[in-house]
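In what follows, chain A forms one complex with chain B and a second complex with chain C.
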Partner chain A sequence: MLGWVCTYTPEEIFATLGLESYRLYGDDRGEYAKADLEYLPVNFCPLGRACLNEGMGKGNPSLTGIVLAASCHALVHLAGAFKYAGERRGKEFFVHLLDLPRTSGDGDAAVRAFASSLRSLAGRLSSFYGVAWNDGAFYGALQAHQSVRRLLRELYRLRMGQPENFRAAGLLEVVRAAGRAKKDEFLPVLDGIVKALKGDVNGESRVDGSPAAALLAGLRRGGSPQGPRLLVVGSPLPFAYLDLIEELGGNIAGDDLCQGYRYCLPEVEEGPDPFLSLARGYLGRVPCPRMLAGKERFSYLLSLARKAGARGVIYHALKFCDASLYEYPLFREYFAEAGIPVLYLETEYRDAGLEQARTRIQAYLELL
Partner chain B sequence: MITAGIDVGSLSTDAVLLRDGEVLAYSIVNTGAQARAAAERAFEEVLEKAGISLSEVDTVVATGYGRMSVPFADGQVTEISCHGRGSAFLNPEVRTVIDIGGQDSKVIRLDGQGNVIDFLMNDKCAAGTGRFLEVMADRLELSVAGLGNEDLKAERAAEISSMCTVFAESEVISLIARGVPRPEIVRGLHRSIAERTAGMANRLGVMPRVMMTGGVAKNPGVVRALSEKLGAEIVVPPEPQIVGALGAALIARKKRSGKA
Partner chain C sequence: MDLNRTIQNLLKDRDRWGKVLSSPLSYRIVEGALVLARKSFPWQAIYQMSRFALNQTGRAYTGKVPVVWSSAFFPVEIAWGLQLCPFSPEVAAGFITGMGFGAEALSMGEEAGYSRDLCSFHRCIAGAARAGHLPRPAALLASTHLCDGAPLLFQNMAELYGAPCFILDVPYTAGRDAEAYVAEQLERLWQDLAEATGRRPDRASLEEALRHSNEFRENMLRANELRCRVPSPISGNDMLAFIYLFFAGQGSREAAEISACLAEEIEEKIAGGRWGGTEKYRLLWLHLKPYYSNEVMSFIEQAGGVLAYEEFNHIYWPPLDPGEPFLSLARKVLAHFDYKPVEERIRVIRELAEKYRVDGIVHFSHHGCRQSTGGSLILKEALQEAGWPVLLLDGDCLDGRNEAAGGMLTRLQAFFEILEERKEGCLI
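Moving on, here comes the complex of A and B:
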């Protein structure tokens, strides 16, 4: 089982090579032993620490390797921590740090450089796991991945129409499940969810006993349509905070989270060179905060906010996240000029501090 | 019409009774370990002071961090909106409110009608708040109320560079050991609070008039240091600790009658 973290990691490569992959979300509660403090300082990205716990804790012996992207300093250091932790396990542990350009898909040089990074990732995986690349398998895998992403975007479209009926954390659960599943197996589940939700809209609701039922139950909510529509952006945030926003009357109509909508965005066109196609598709998506495309990203987010009818934006930053801290003042200014106030929320990727957040969020909703 | 506002803060719980836009009475009690009991105590006390019975109160709005623990409240509104509304009622020219309470501090920007248009709050740690002053007063063998007078005796301020309560306490111990006069240490502490608060206020943008609310506004040393730091006059209401409860009572009135 191969772990991965950053949304710039094309899962299609793992599927083509026949490797099972598993996205780490930093679910480090329950049976996982705390491993992070042995390798990382306390003032380190809490998501990174949680991913190390999830990947290397005692409860998860099946992980045989990890692919991280050099998307921020935290992930670069996390690769080092995984390497040490892997060596301590005694068995050979695969660690790969994917080189990632800082520019989005406009420049051909960036695309070619990223394609070359992807090619070398596939090469290293092939030799470590003794598996072979096959273009035919790639195109099959690509189709399944594209279909999953299309259906997820459909879910987001449905949510944008009636955010008061959707639980934001439930939607992220579905995206999370997609990031951990074999795509051809997950497709019918996702299809069932989308059909059932469309049935809700048309008044012909039905829930079958499939795995879709549990995800569906978590997705549904009966909020008031009078509550202000909101956009949630920034670092991945604990589900309890999303539930709190909704409990206080906010309706989350859209997000720009790497564990959320951004995961659903890459559109990869088939071409003669699979790696070039992947590089173009993944880099061409709306860039994440660490990319050098501030204004382009902001104008996209503003148009997303307008499309969602959002009256406010909640910007979440993980503690010690430099990319968020640098971006936030510019982001706030950009949205203030557009007449949309932004609420800054900081967490340590845990449910702690909910009551302080209650005041902050409620005051913001009162302001709206 | 009689309305009440109850502000359940981390250190004190305050209640205000309002009759047709005039304050009938107010009370301030310690919150202690039970927010609900404190709210009941503050409410009973204010009713007694005003000489009216519970049945005469039309609407109650609760605010403060313990606002969800007031079973007899008809609504809950955050202290940010309440301090804004209360400040604008006391002085309609106020556009910036600085509220330093027992465990957090807030800077609130208002429009001309007392509506909040933006705010910043430090709810991550209690440095630079009432709790910070309590710890320091204890270390200096002073009462919290005595800090302001002690500041007035100082000829200069001692340098306190740390913002953190724990580290600042270490600095104070070091200053005591060096024989630095107590008033200078107190002024240094007030300056450190002022620097921290001014940083937050300037981040949001300070627009006159500035009003300071919350228990810490009763300390003239902090008010003066903050005024110097901001380069702006600071208005302090006669009882700054009850502004949140006053705002809640005003919101209760609006809730009841549809007019502020």
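Moving on, here comes the complex of A and C:
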């Protein structure tokens, strides 16, 4: 089982090679060894620390390797920590840092560079796990991944129509499940959820199968359409915060989170070179803050906010996440100029601080 | 000569520090004072470098020459090759802090929305820039290797000044593909920068910058070789002053000359037998040092510690080939041992620890630096396994506001005691 974290990691490669993969979220199930304390300093990305605990602790999953995008020093050092922690286990542990260009350079050169880095990932995986690349398998995997992403976007569209009926954390749960499942097995589950939700709209709700039913139950909420619509942006955040925002009357109509909508965005077109196609598709998505796209990204987010009818934006930064922390000052100005006030939340990827946040969120929602 | 005091006298009225800082006249006055005090400098190379830095900074504020901001690890030869005026905001942040105005600048940065968890160099820059105290750039140059924050900050600063920002995207994995990718960007960047600043992209001038850079490299290598002597012929604290040349000077004639002067002075000192002193603990120093106060460095000195060598002064790159400027600069950038899996940093540090015969290694864990601090626990464990005592000294280079400096001194004291015990153990 291969672990991965950043949404610039094309899962299609794992699926083509027949390798099972698992997206790490750093879930705290209380059963993990505190591996992070040994390998990572305290002033380090809390998501990274949590992922190390998840991947190396005694709980699920049992990873045999990890693929991390070299997108920030948190992930770079996380790779080092996995390597050391993996060696301690005694078995050979696969660690790969995936070079990820910044798209702000020459688009074409960046696509070529990323394609070559994807090719070398596939090569290393093939030789480590003794599996072979097959173009036919790739096109099959690609279709399944594309279908999952399209259905997820469909879910997001439905939510944008009536956010008061959706629980934002429930939607992120669906995305999370997608990032951990075999796509061909997950497709019917997802399809069932979308159909059921559409059925809801038309008054004919029905869904079979327990995974779909559980996810569906987590998605539903009966909020008031009068509550202000919001967009949530920034680093991955604890679900409890989303529930709190909704409890206080906010309606989350859209997000730009890599644990959410960003995962659903890549649009990969079939072409003669699988790696070039993947590189183009993944890099072609709206850039994340790490990509240094500045205003280009802000104007996309503003249009997303407008489309979602958002009266406010919640910006979440994880402590020690440079990508978000540097983006925030300009982001705040940009949205203030556009007449959309921003609420800044900072967390350590834990529910701690929820009570202090309650008052701030309440005051903010009243202001809107 | 106390340069700080001279400048602080100029800035008696604390509220005016920004105005004084950004006036070219201040630099001329301080330079004048410097010339008068020339003889009191322990090293003429430091005197020359201070003049060079003041002169350059003064020039940057005149507005008569296109100023380009260059991030700490950007190959600044590109700017010298276009006869531009490079300005290192990270060094400026150190300078502002050294003058005693760090807290003001940091608060301004925080007011502008920069979190206290970010590197204080960058918060200080953001604050001083917003207050209008830094020279206006015609363009900004940042590379993505080593520091995640620099390109992000520079992008914001480009927005603030309405100037173009050129980002050099450096892959993590070195190799032929990476070299070609970086070289291609550098060539285009050189041309775009020339256009943005109204300069003619002249290859001969770029080649000359590379030759100067090579001279700097060779001179620093020479100085570094001489530093293997025990006791150390020059203090590491003095050596950390040359950071300006590393960040902003490579490619200039001056950096070549100053580094030559440094190597000669050390040679002369050794030849004259005029050095010595007690060295109880030889240390290898990783990352930078606190600039807001001298307390830590003085404490080390008083305890008989000496910085025998510093990671920042290490010359890690091969000579440049002026005939292949872009490719060889790409190789230089990709050669950095800290931009590789942590084992590479461990390997280099082990080599240096052996070469400089140190008793212990101190990693100054600057609060906001993900690159250096992120791998420090693994680094410590590996180096300790290899037999070196290691101290991870948590602190901040510029932000002394929350610093329990006393805590740092206590930890250093305890570390020295460990070193002492080891020495006694060896004697028995």
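Everything that follows uses one rule, which is that the second predicted complex is superposed on the first by the 360 of 368 C-alpha atoms of A that agree within 3 Å, B and C clash if a C-alpha of one lies under 4 Å from a C-alpha of the other, contacts with A are read in each partner's own complex, and residues count from 1 in each chain.
Here is the rule we use: contacts are C-beta pairs under 8 Å (C-beta built on N, C-alpha and C of every residue); 3 or more make two chains touch, one makes a residue touch a chain.
Remember, it's a predicted structure, so these values are computed and weren't measured experimentally.
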Partner chain in contact with A:346 - chain B first, chain C second, else both or neither: both
A:84 touches, of chain B and chain C: first, second, both or neither? second
Which partner, chain B or chain C, touches more chain A residues: C
Touched partner set for A:132, first chain B, second chain C, both or neither: neither
Contacts of A:217 with chain B and chain C, given as first, second, both or neither: neither
Which of chain B and chain C A:338 touches, first, second, both or neither: neither
Partner chain in contact with A:330 - chain B first, chain C second, else both or neither: second
Intersection of chain A interface sets (partners chain B, chain C): 346
Residues of chain C touching chain A in the complex: 112-115, 117-118, 122, 126, 144, 148-149, 151-153, 155-156, 159, 167, 169, 171-173, 177-178, 181, 184-185, 188, 341-343, 365, 367-368, 370-371, 373-378, 381, 392
In the complex, chain A residues that touch chain B: 341, 346, 353, 355-356, 359-360, 362-363, 366-367
Contact footprint of chain A on chain B as seen in their complex: 65, 76-81, 104, 115-119, 121, 123-124
In the complex with chain C, residue positions of chain A that touch it: 38-41, 43-45, 70, 72-74, 76-77, 79-81, 83-84, 97, 99, 101-102, 104-106, 109-110, 112-113, 116-117, 120, 289-290, 292, 294-295, 317, 319-320, 322-323, 325-330, 332, 346
